[in-house]
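Take a look at the structure set out below.
Each chain carries a letter (A, B and C) given by its place in the written order, and its residues are counted from 1.
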Amino acid sequence: MPVFTQREKLKTLGYCDVQDITPLAEAMLLKSGMVDGIASVFVPGSTASITTIEFESGAIHDLQKAIQRLVPENAPYEHDKRWQDGNGFSHVRAALMKPGLSVPFHQGRFLLGTWQQLILVDFDNKSRIREIVFQFVGE
Amino acid sequence: MPVFTQREKLKTLGYCDVQDITPLAEAMLLKSGMVDGIASVFVPGSTASITTIEFESGAIHDLQKAIQRLVPENAPYEHDKRWQDGNGFSHVRAALMKPGLSVPFHQGRFLLGTWQQLILVDFDNKSRIREIVFQFVGE
Amino acid sequence: MPVFTQREKLKTLGYCDVQDITPLAEAMLLKSGMVDGIASVFVPGSTASITTIEFESGAIHDLQKAIQRLVPENAPYEHDKRWQDGNGFSHVRAALMKPGLSVPFHQGRFLLGTWQQLILVDFDNKSRIREIVFQFVGE
């Protein structure tokens, strides 16, 4: 099958909550039966992103702190004035970091570095049930 | 046909002009006849980007303001000293935000959130005719 | 659907070293024999990124300066306190800029702009031998 698309639910805490989704991605790749191709990992919604990091508490803290400094939570946002949902900062962060990442896989394995994990970063200001899309195109 | 590539022209205003390209992307997907796969949305050129946002004026304003604060227009840029085209800030913004985004589609629809639109952000310092590439790989 | 995956080694200097990998990508595309599809350009590891820029010394300098300002090298990082490798800033930069980029190709050519090059940015704090993945999916 040349395209395999799977959606998986994940509970997140918001406020820059970072979750390692590598095991889930690996399970989905195994399930797809594919061995070579591109994996598109994508989070539908306007307040979350996918990227990679060395998943250890120090680097995660540093990333969260940098995001907080670059796009502060406690600043005035037009989005909040209009919609009163208080997550203007979440929208800006997600637009800057984008909702997806493509990762090549080869011989049944993602071509990630040894200390590199796929992560979901949830920028929203509340707990959410997120649906992550894992799509594999290849052979 | 497993690959469908289409280029569409779009007039932009520059200076962080944000345009909703979701309807165009949906029309291209329909035209491709494909129902499952990866859409690569890409803007050739060094001064524009593709991302997603909830396309409402508040969030758009917030994004533009954040970009202006993070990479200011009125700062000295080496690019400007050498080429005198005054868009050094545009190049830095575009390199940071990247020219493309991959979006999975399934059963004929992009797997975007309900309030999530595909946008082109033009960082250049003048009006441009941009060519957007919509490429679908799948089935 | 055919998939072609190739890994190529590249020596980098770290500290925001920027290298033009367009010629290498073009050589790989030629080698793949493919003419239409998506190229996934990806750098395994947690301290480097792929993006595009007009590859001229002014714009490169401006990008490096902006990154240094946005995520400073000389700031306290939790990662450094725990692992003593002094590259906390590299991890944050790479997580924000992400390790890959997808570029469409058509009729045997990448759909890049005339003044747009594919670059590897190495954020690490030392010289590295990087392996870049070039993966083509299409026909």
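By our rule, contacts are C-beta pairs under 8 Å (C-beta built on N, C-alpha and C of every residue); 3 or more make two chains touch, one makes a residue touch a chain.
Just so it is clear, the structure is predicted and the values come from calculations on it, not from any experiment.
Taking only C-alpha atoms, you rotate subunit B by 120 degrees to land it on subunit C; that is to the nearest 5. Subunit A and subunit B touch with mostly distinct residues; of the residue numbers seen at this interface, under half occur in both copies. With each centre defined as the average position of its C-alpha atoms, the distance from subunit A to subunit B rounds to 19 Å.
Under the contact definition stated at the top, the residues of subunit A that touch 2 or more other chains are 2, 38, 70, 98, 102, 137. Considering their complex, residues 1, 36-38, 51-54, 56-59, 61-63, 66-67, 70, 97-98, 101-104, 106, 111-113, 115-116, 119, 137-139 of subunit C touch subunit B. Residues 1-3, 5, 7, 38, 40, 42, 44-46, 70-71, 77-83, 88, 91-92, 94-96, 98-100, 102, 133, 135, 137 of subunit C touch subunit A in their complex.
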